[in-house]
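Taking it in order: structure first as structure tokens, then the write-up.
As written, the chain order gives the labels A, B and C, with residue 1 at the start of each chain.
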Amino acid sequence: MTTLDQLRDVRRSRRVRATAVTLSLTGLALGLFVVTLLVGSFRLSLGEVFGSVTHLVDDPAVDFIVRDLRLPVAVSALCVGAALGASGTIFQQLLRNPLASPDFVGVSAGASVAAVAGIVLWGTTSLVTCFLALGGAIVGSLLMYVLAWRDGISGYRFILIGIGVAATFEGITGYLLTRATVFDAREAIHWLTGTVGRADDAQQYALAASLVVLLPLAVLLQRQLRLLELGDDTARGLGGRTELAKVGLISLAVLLIALATAVAGPIAFVALVAGPLAQRLLGPAAGGILPAALVGAALLLGADLVATQLLPVALPTGVVTGALGAPYLVWLLATANREGQGG
Amino acid sequence: MTSRIRSAALVAASLALPLSACGGSSEAEPASGADAPSGPWSFTDGSGEEVTLDETPTRIIAHAGAARALMSFGIEPVAIYADESVDSDPNLRDLDLDGIEIIGEEWGKIDVEKAASLRPDLIVADWWPAEEAHSGVENGVEATSKKIAELAPMVGATQGESILALAEGYEDLAKSLGADVDDAEIAADKERFEEVRAEFEEVATSRDDLSVYAMSPYEDKVYVANPEFAPELLDFIAWGLDLKAPETPDPDFPYWETLSMENADKYQPDLILWDDRDDLDNVAELNADYGEQQPTWFSIKAAEAGAVASWPAFWLHTYGDYADQLEQLTEAIRDADGTVGD
Amino acid sequence: MGTESRRRAPLLAAGLVALLALVVALAFVSLTQGSRDIAFADAMRALLTLQAGDTMDGTVTLELRVPRTILGILVGAALGLAGAVLQGVTRNPLADPGIMGINAGAALFVVVAIAWLGITHVQGYVWFGMAGALVATVIVYTIASMGREGATPVKLALAGVAVTAGFASVTSAVMVTRTDVLDQIRFWQVGSLAGRYEPVVLGVAPFLLLGTVAALACGRTLNGLALGEDTARGLGIDVRRARWATFAVVTVLAGAATAACGPIVFVGLVIPHVARFVCGPDYRWILPYSLALGPVVLLLADVVGRLVARPGEVQVGVLLCVLGAPAFIAVVRWGRLAEL
């Protein structure tokens, strides 16, 4: 067999694995989505749920539970999880570091501080809060970019500075809460706990619509970036375009995390974990945004099921993802250190 | 208003996260205790809006306080949502909750799905004029909780100027739902309340030497209540008690004047009404404990002298409860030494 | 190093005296400022006679402000020293009890002690604070030390952040499930000096004093460790034992401080850097300077926090987070992480 043939074989087997993994992840996410529609304090059959979602059968009681209560939660968990996963993996890949996820560094914290400021200082409505969170995320990422830039962005400096920026934002959030009247503080605290299914319909539609546009765009941009990076000689001539593609991708990632944070509040660790998990499943063909988004969606749907259905007391989703994510992070660091790849 | 204020403060300051009821899903039977009259039904809500239905509702979901009021007239709801744990909510103490679903034990969180599965035809909860909302669907609660209002019409008596008005509002509501308010036992409660109230008025009016403040000592702050926003305090004033308002209520939040422990001695009443909603009928001990924890609390002479009485901050909804509390308060006022705070 | 530092010794000693004078001055401000206006003469009378004299002014001065000020001094000194010792023993400029998750570990253990073991007095849970600090130290240091190059600054900081996140998650889960004990627990969410009176001060003071004395005695050892393990061994230092002894000191200081005030971060990071900037690399000077600078920062933050948000106050933990995190960023960006 010639080298070329071998290469082709390897490529083909990678593509097969990538497709298989992506398909099964899609299946898993959809499965969890359906489970979310099925379980709850009120037992519904698959047929009833299907009939209601597809508007084939009209039963007001079932419709209320399925369409008004469960569907928004499921859609929101799906969208928020996908946005977090995609955003996290874009950050991690561009900064070449598994710790460089937007919830770990200051992007989510920036969104939070802006949202809390809106609620506490100006009594903003939910949609305005959404936009404020977006603005906060953008300001947070710009701030980190400026602070971490020194002849380029080095992964670990960026992460440590991101942690510092996040801590500053958290401090400011704490300060705002001490200045709030209790009613506003109550609302702000609720916002800060991070739970899917709290958002109103307008926010969810905004997120779902953006996801439909942004996700394919990110996949396209990433493909282009790969091409640019692969063609060594030409890419050198196209350096400007590579940078542009990178900035574009990062902007998309910031948008995604900001929207997700605006809808669900800060949810810890999903963005951090989704990318590396997808990578592990995909093996050598790693790096896809879509698989990471799917893992994110599955994770969040699962975490929400655990939070609301399995535990004796219902916890906010963020607490569950935090409790699951932190050990993973510790493990990640330990392995990286043992392999001598730590900072 | 006040009732939420401090529990809200607690939530706010603590990042307290929701606990929601997750019990088994045993279906509760419609359990209205009274013979519901059939036919069209209407009731004027606290908001002033008149709600009409073709049938008299029988499957009622009620907020804790409203549930206590309805149950005192023999109307049993199918489900209750509370703002705190069932064990600690003063509204739910000593009630037989068998067969009633608990669909919320945390402010802002209602298990609407379970609510829907019970197919309610009426939601009963206090109307808060300042927030222009019923308990449970005010601003800041989770979007899903607000959907409870889509299940059935929401009505309730208004939390505003008088607990008496609140109790009367629920009496009217219970009557419209078929309760026999003239039933001997129920009527006895009301009669007793009238007697107690008359006595309170007599004693309170005769003690014009007495200055009284309502306070909520909590951690390292003393909150002095502004009676303007507390129906039961407005009642006490209307019935002759010299209950004073703080001089400078907090500008952003005029329900209270917040005193730091350094200024705890700003007011020197002869009698302190102590907000004891978290630990009922225990004010003497609360006062002693607080004085031990906070070195300056006893700089209020009345506190040092133990001149404290229970202030049933914002949970009273029934004649019976109100009568009990008034009775205690009447005793405290009668026994109070008008020179303690001088 | 020897002659150089000997030449600078008088100057440094003078600086230290000046700093201690500043601590006294700030303590004085802390004793006389507050939401209550107390005439200077009344405050002085109470302070000098130690008699409240049955007046509110006297009680406020002696029973509210004195404990708070003493706690500010003790905790500030403890956190400054803990940071200095930690940076010395790990030879790591990012080491700080807050960043390394030690405060978070202490807070979690205290919360668990209160929620499930029914321990309500500071004399009881101070032990849990120290145990939590120890557990966190061991975990973080173990993770960071994996690999060939040992516990580098970056690895230590990252492990600390990860462990902090984990502990904080569990702490908030405890809070969620135990709303009945929330009132007592929520003290440990943000670091604050407010509402701590005599029992708290008396409960933690022995540990803080003991730890302070022990930390001050570490100077020579830390100087030895700073030269590298081999040289330290050549100087007759048992490196292993020295390392664990200094970690124990940090555990006592950070654990007791957290048990009293809740987690306060970044003080332990910033202060040793300032001290090192002033006195150079000699830990026999860095330690006393950290001891003096810690209370300066904490008292200042506490007084400012009381003044900016009247009639409420901003907790020192919040204020120091807002002020300290940029300092952390500055160290990461402009500091020379490899050196120490």
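Rule of thumb we're sticking to: contacts are C-beta pairs under 8 Å (C-beta built on N, C-alpha and C of every residue); 3 or more make two chains touch, one makes a residue touch a chain.
In UniProt terms the chains read A = Iron chelate uptake ABC transporter family permease subunit; B = ABC transporter substrate-binding protein; C = Iron ABC transporter permease.
Predicted, not measured: the structure shown is a model, and the values here were computed from it.
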item	value
Chain pair showing more contacts of the two, A-C and A-B	A-C
Farthest chain (mean CA position) relative to subunit A	B
Centre distance in Å when subunit A and subunit B are each reduced to the mean of their C-alpha atoms	43
Centroid spacing, where centroids are CA-atom means, of subunit A and subunit C (Iron ABC transporter permease) in whole angstrom	36
Multi-chain contact residues (two or more partners), subunit A	313, 315-316, 319
For subunit B, residues contacting two or more additional chains	13, 15-19
Per-residue overlap in subunit C (Iron ABC transporter permease), given as positions that touch at least 2 other chains	172, 176-177, 312
Interfacial residue positions of subunit B with respect to subunit C (Iron ABC transporter permease) in the complex	10, 13-19, 84-85, 88, 219-220, 250, 258, 260-263, 265, 293-296, 299
Residue numbers on subunit C (Iron ABC transporter permease) that touch subunit B, as the complex places them	34-36, 56, 59-60, 63-64, 172, 175-177, 179-180, 182-183, 185-186, 189, 194-195, 197-198, 311-312
Residues on subunit A engaged by subunit C (Iron ABC transporter permease) in the complex (per definition of touch)	99, 104, 147-148, 150, 156-157, 159-161, 163-165, 167-168, 170-172, 174-175, 178-179, 268-269, 313, 315-316, 319, 322-323, 325-327, 329-330, 332-334, 337-340, 342-343
Residues of subunit A defined as touching subunit B within the complex	40-43, 61, 64-65, 68-70, 72-73, 177, 180-183, 185-190, 192-193, 195, 197-200, 308, 311-316, 319
Subunit A partner contacts - residues on subunit B that touch it in the complex	5, 8-9, 11-13, 15-20, 22, 25, 107-109, 111-114, 116-117, 119, 139-144, 147, 150-151, 252-253
